[in-house]
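Structures follow.
Next come two complexes built around chain A: one with chain B, the other with chain C.
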Partner chain A sequence: MKHGYLIQRLIMFFVVIVLAATLNFIIPRLAPGDPVGAVLEELRARGASTGGDAEDEIVAAYRARFGLDQPIHIQYVSFLFNTLRFDLGYSISYYPQKVEQALLRSLPWTVGLLAISTLMSFAFGSFFGALMAWPRAPAAVNRFVPFFMILSAVPYYLLGLILVYIFAFVLRWLPLGGAYASGTVPELDLDFILDVIKHGILPALSILLTSVGFWALGMRGVMVTVLGEDYLTLAEAKGLPDRRIFFAYAMRNALLPQVTSLAIALGTVASGSVLVEVIFNYPGVGWLLYNALRSSDYYMVQGVAFFLILTVAVSVLIVDLIYPLLDPRIER
Partner chain B sequence: MSQDIALEVNNLRVHYKTRTQDVKAVDDVSFKLYAGERLGVVGESGSGKTTLALALMRLHKAPASIEGGEAILDGRDLLKLDREEMRQTRWSKLSLIPQGSMNSLNPVIKIKHQMADAIEAHERGRTKSEISKRIWHLLGRVGLPESVAEMYPHELSGGMKQRVCIALAIILEPSVIIADEPTSALDVVVQRVVMQTLNDVQAQLNAAMIIIGHDMGLMAQSADRLAVMYAGKMVEVSPIDSFFKDPQHPYSKLLISSLPSPEERRELAGIPGSQPSLLDLPSGCAFHPRCPVAVEHCKQVVPPLRDFSGGRRAACHLVEEQAS
Partner chain C sequence: MIETFLRRGKAAGIYILRSPKLLLGLVLLTSLLLLGLVGPQFVDVENARPISVPTNRPPSAEFPLGTDSGGRDVLAVIIVGTPQTLRMGLLAGIVGVVLGTSLGLIAGYYGGTLDMIISTVTDTMLTIPPLAILLVVAASVRSMSVENMALIIALLSWMFPARTIRAQVLSLREQPYVHMARLAGLSDIRIIFEEIMPNILPLAAASFVGATSGAILAGIGLEVLGLGPQRTPTLGMTIYWAQLYSALIRGLWWWWLPPILVLIVLFVGLFLVSAAMDEFVNPRLRRTG
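Then we have the complex of A and B:
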């Protein structure tokens, strides 16, 4: 891999992060008033007595404590610095916990559930889609096309509700929600792992089933184009075994646009899955965001938003770095 | 030229199946290809040249289908082999230099792997270093440096890609090479060099070669015999010298008179009209509406391809009378 390419990608990544942090800084400050005043207003509205003469002093003290008495550019620099150190401030509803602590606690659940089900969906969908376009595949494969089309049209939260109703509520085969049975202490033993898997099946299934059609149909489309390429005719003329043509010549090339979609899909996994986590009471980042919105935990919302931008940027960076290995033409 | 027959094609028919009727893209084509010879096949676009080439390798895609005939290579009819036998025959006996070599190489795989693929698919138990040596040797034979093996197709020029395709075609030393417009995407200078390379390696292997194209000048330089296709049929097959000196079929005559010649300055004659639609062929000889010498008989009876002196064959009712 060329160093220039690597450096260029890393600079791009850094610029995106700084821009995201800047937006995160500007947007709340566009609102009239300041946070301390807003809190006081809220207290007054609830009928709490405010300190009268002492009020101005208290306000000044709090402004000083949060650094709001500093000139705006100093505030900006220290905000950027904090953000880059991944210091996202205090959560209001979990005070004195910090936003990043709450995020890091939810992250493994989201990554475990969503990244794994998205990757599985990608792998299975792409393979199946490639088979659907392959002329020598079993005819039965193509009967799944309408099935995939319908599934990809169903919103995953709806399918999630249906799955919960059937398998958890009516049949009682699987738990209704949560990431593990309430009352158990998370530890790394077999029982706990099995419990986590049992709780993960339904949410994972709802994501997998609704997204697999997207990958399968997308792959089928690209594959049909690739199968018409001259290099496929030559591969066949060379007398290569079908398996070799399918994987190394057809699927290998058809996967390239799919991988780009995967980068975007992985990035939006966290934000896109809020509803799944809400339906299944799953303690991930989406669940955190949902609760933060409900309790007006601005710092938390801001923190999660920044974090989501970060996940998109990181997954795009990863794909950018992997892509030249998949497609040698991309570097130049 | 030895008279061993490398490939014998008899009454080959390839039809494109449409909802209403079968389009006869290759209609009752028979010819013999002798070991070591270069047979040029010329014809207008849509005359069935490429369909013929693909059908011989059984690479034609639906709606094309082989409706009859045989293609005998090494005593076996290619058209009757099962899928696995056909796979083994491809490339080891019968290789292809594709039309549009620009896109014929897999863009994401190194040249050496694309070449090694062909070896590994047909010969078991070759070691890596053995294969590498063979690839380097072949690249050298077509005038490319060994470093090309480590490159990807997008790093090569058009002429280099075409040479890679030539190297690829001879990798298993097949007895028949089909070159489908091997130089059509190249400029004239590169064309000449590539054609020279192709002719050299073919001669070294003593492989028979079918060169498909519509460049008569190129054919005159390279081919030993020339077959002319018109509307899915072969209308003339003659040794190259006699073809240019004394073409038999009226279509061949018109083709030659439409070529510029340095010896005489004259108005170039075209061939009036255009090739008929394969969906709606004229009765009798398909060429009769454009033929300057057609008689009533031509409109009714399809002329068979008949043998004449000097190894010439032509499909015209009037040839005998003129040749007298």
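Then we have the complex of A and C:
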């Protein structure tokens, strides 16, 4: 049974990855024209090319160079093979760098910023949500509820813009954007770390404020169910202290489904980062993507898209593999 | 069948009046609709096009929300853009929910291999971040229109409805009255439409609000990245242009703040309506909050 479950999950993972690569192959080819033609059109529009025999030769040469003259199924197989080896092609704007090199360079910034703020938001939101469902919680807890609920409906990058305006532009307390002061060389000393933290506060805050409500709502829902369980009544009847019932009996059990969401949320860190990095000029994966879109660096756009799917698929796989350890009922 | 709908409609009507969340949400959404409907009576919407008014003017009597660096009247842009955003969201929401509900009904009612295929595809699609696919599609489509965008987004917003509807149909299928209908010799089509449909309508309505809200969120995300419609002014594209021309550090707050505020009103309105509908569908939630 155990092997069956494992194999099923692994197949699912593989299907998602192949599907992602396939979409990356098909969608750009559905658009009218081919990449070489598109570049040529642009050259013509700028008056840099006048057509004629010489042009046809250039086109043929380029088509051969990018493998576009081969039958479509051979193109597909080699594309698939390259993608699965994480060979995502050359970036046009960072040439001669490859897409995956640029990706790996920006990744630490994204993971650092987003993972930390997601974890903080998870911890705070879950605790807060558990308190919301707890009948003996201080009444003040429920007074914050509407505030967080409303914030959770606001996209984080919109809140981010407002925060930047207030704290960076008007009050000038914090930097406007970027990950560190321009002109400094990244090195591991205290000044640089403090600078990075200072630059991270606003983007982290905009994510934190808008996602706390999500965690709190989810936790409250599970907590309400857990509070109705018999073992909680028993714990109370035994006369256990409130604090112990709350943490060890109620919250601990209610956290289980939350952990699944956390793993998936951590997987979507990369795709969630896109817009917040655009707003804050933060040099992560999202910023890379934004620049690639602006400079029509299609290989980079596709590479980032594939990478976003890959990170989620990996984290879903990890959850699927870990979950039976947490809750043995799942396997059946 | 019609009676059931009427009875349910009345129950829903009474519920609206008793739920402050729903009422407030509907008021917010209606005010945005009115903005788009009544606005053109007072403001020249032609000024939403580039180079029709002087650039970078702060709010004044002539231009209540100022003008941007492209020579657009920001108020006119908001009046033209808000309905476009709503239209995109509703279109994507409708297509997504109709698609999702149909698939959920088929999978849940017929079960077997069909269910396995539909469920596997749904679960697989759910793990793919929509933004990733949207990016590749949007970057490949040269000229984006509001309708194109709605359709592309709709193709990625049927999964949640499909899954919730399927789960509900699975339990409805085993209800005694459905068994009775089957014993009475009713055809599958009639059972689906007369016995099961009325009971999943509230759920479908709730997932419609969710799908619409998600579609608008996805659409705005694409627009802020500059992948939205180029010719029609929309709220997200306004933020994109403002960002591109560094409106923030130039102190042109009247350029980016109004679209953001409209979007916040829109999202909070949708959130309130969807929260109220969830409570209607799942009464257990009514106890707290």
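Convention: the second predicted complex is superposed on the first by the 311 of 332 C-alpha atoms of A that agree within 3 Å, B and C clash if a C-alpha of one lies under 4 Å from a C-alpha of the other, contacts with A are read in each partner's own complex, and residues count from 1 in each chain.
In this section, contacts are C-beta pairs under 8 Å (C-beta built on N, C-alpha and C of every residue); 3 or more make two chains touch, one makes a residue touch a chain.
Since the model is a prediction, treat every value here as computed from it, not as a measurement.
J.: Counting residues of chain A in contact, which comes out ahead: chain B or chain C?
T.: C
J.: Which holds for A:V164: it touches chain B only (first), chain C only (second), both, or neither?
T.: second
J.: Should A:A254 be classified as contacting the first partner (chain B), the second (chain C), both, or neither?
T.: Neither partner.
J.: In the overlay, answer first, second, both or neither for which of chain B and chain C A:V226 touches.
T.: Neither partner.
J.: With the two structures laid over each other on chain A, which partner does A:L202 touch: chain B (first), chain C (second), both, or neither?
T.: neither
J.: Under the stated touch criterion, which partner chain does A:V15 make contact with: chain B (first), chain C (second), both, or neither?
T.: Touch status of A:V15: second partner only.
J.: For A:A265, using the defined touch cut-off, is the partner it touches chain B, chain C, both, or neither? Pick first, second, both or neither.
T.: Neither partner.
J.: So, does A:L234 touch the first partner chain B, the second partner chain C, both, or neither?
T.: Once the two structures are laid over each other on A, A:L234 reaches chain B alone.
J.: Using the superposition on chain A described above, determine whether A:R244 touches chain B (first), chain C (second), both, or neither.
T.: first
J.: Where on chain B is chain A touching in the complex?
T.: Interface residues on the chain B side: 54, 57, 59, 87-92, 95-96, 98-109, 117-118, 121-122, 152, 154, 165, 168.
J.: Given the complex with chain A, which residues does chain C contribute to the contact?
T.: Touch residues, chain C against chain A: 120, 123-124, 127-129, 131-133, 135-137, 139-142, 217, 220-221, 224-227, 239, 243, 248-249, 251, 253, 256-257, 260, 263-264, 267-268, 270-271, 275, 284-285, 287-289.
J.: Could you please specify the touching residues of chain A with respect to chain C in the complex?
T.: Residues of chain A touching chain C: 12, 15-16, 19-20, 23-24, 27-28, 30-32, 132-133, 142, 145, 149-150, 152-155, 157-158, 161-162, 164-165, 169, 176, 220-221, 224, 268, 271, 274-275, 278-279, 289-290, 293-294, 298, 301-302, 304-306, 308-309, 312-313, 316.
J.: Please give the residue numbers of chain A that touch chain B in the complex, ascending.
T.: For this pair, the touching residues of chain A are 229-231, 233-241, 244, 248-249, 252-253, 256, 326-329.
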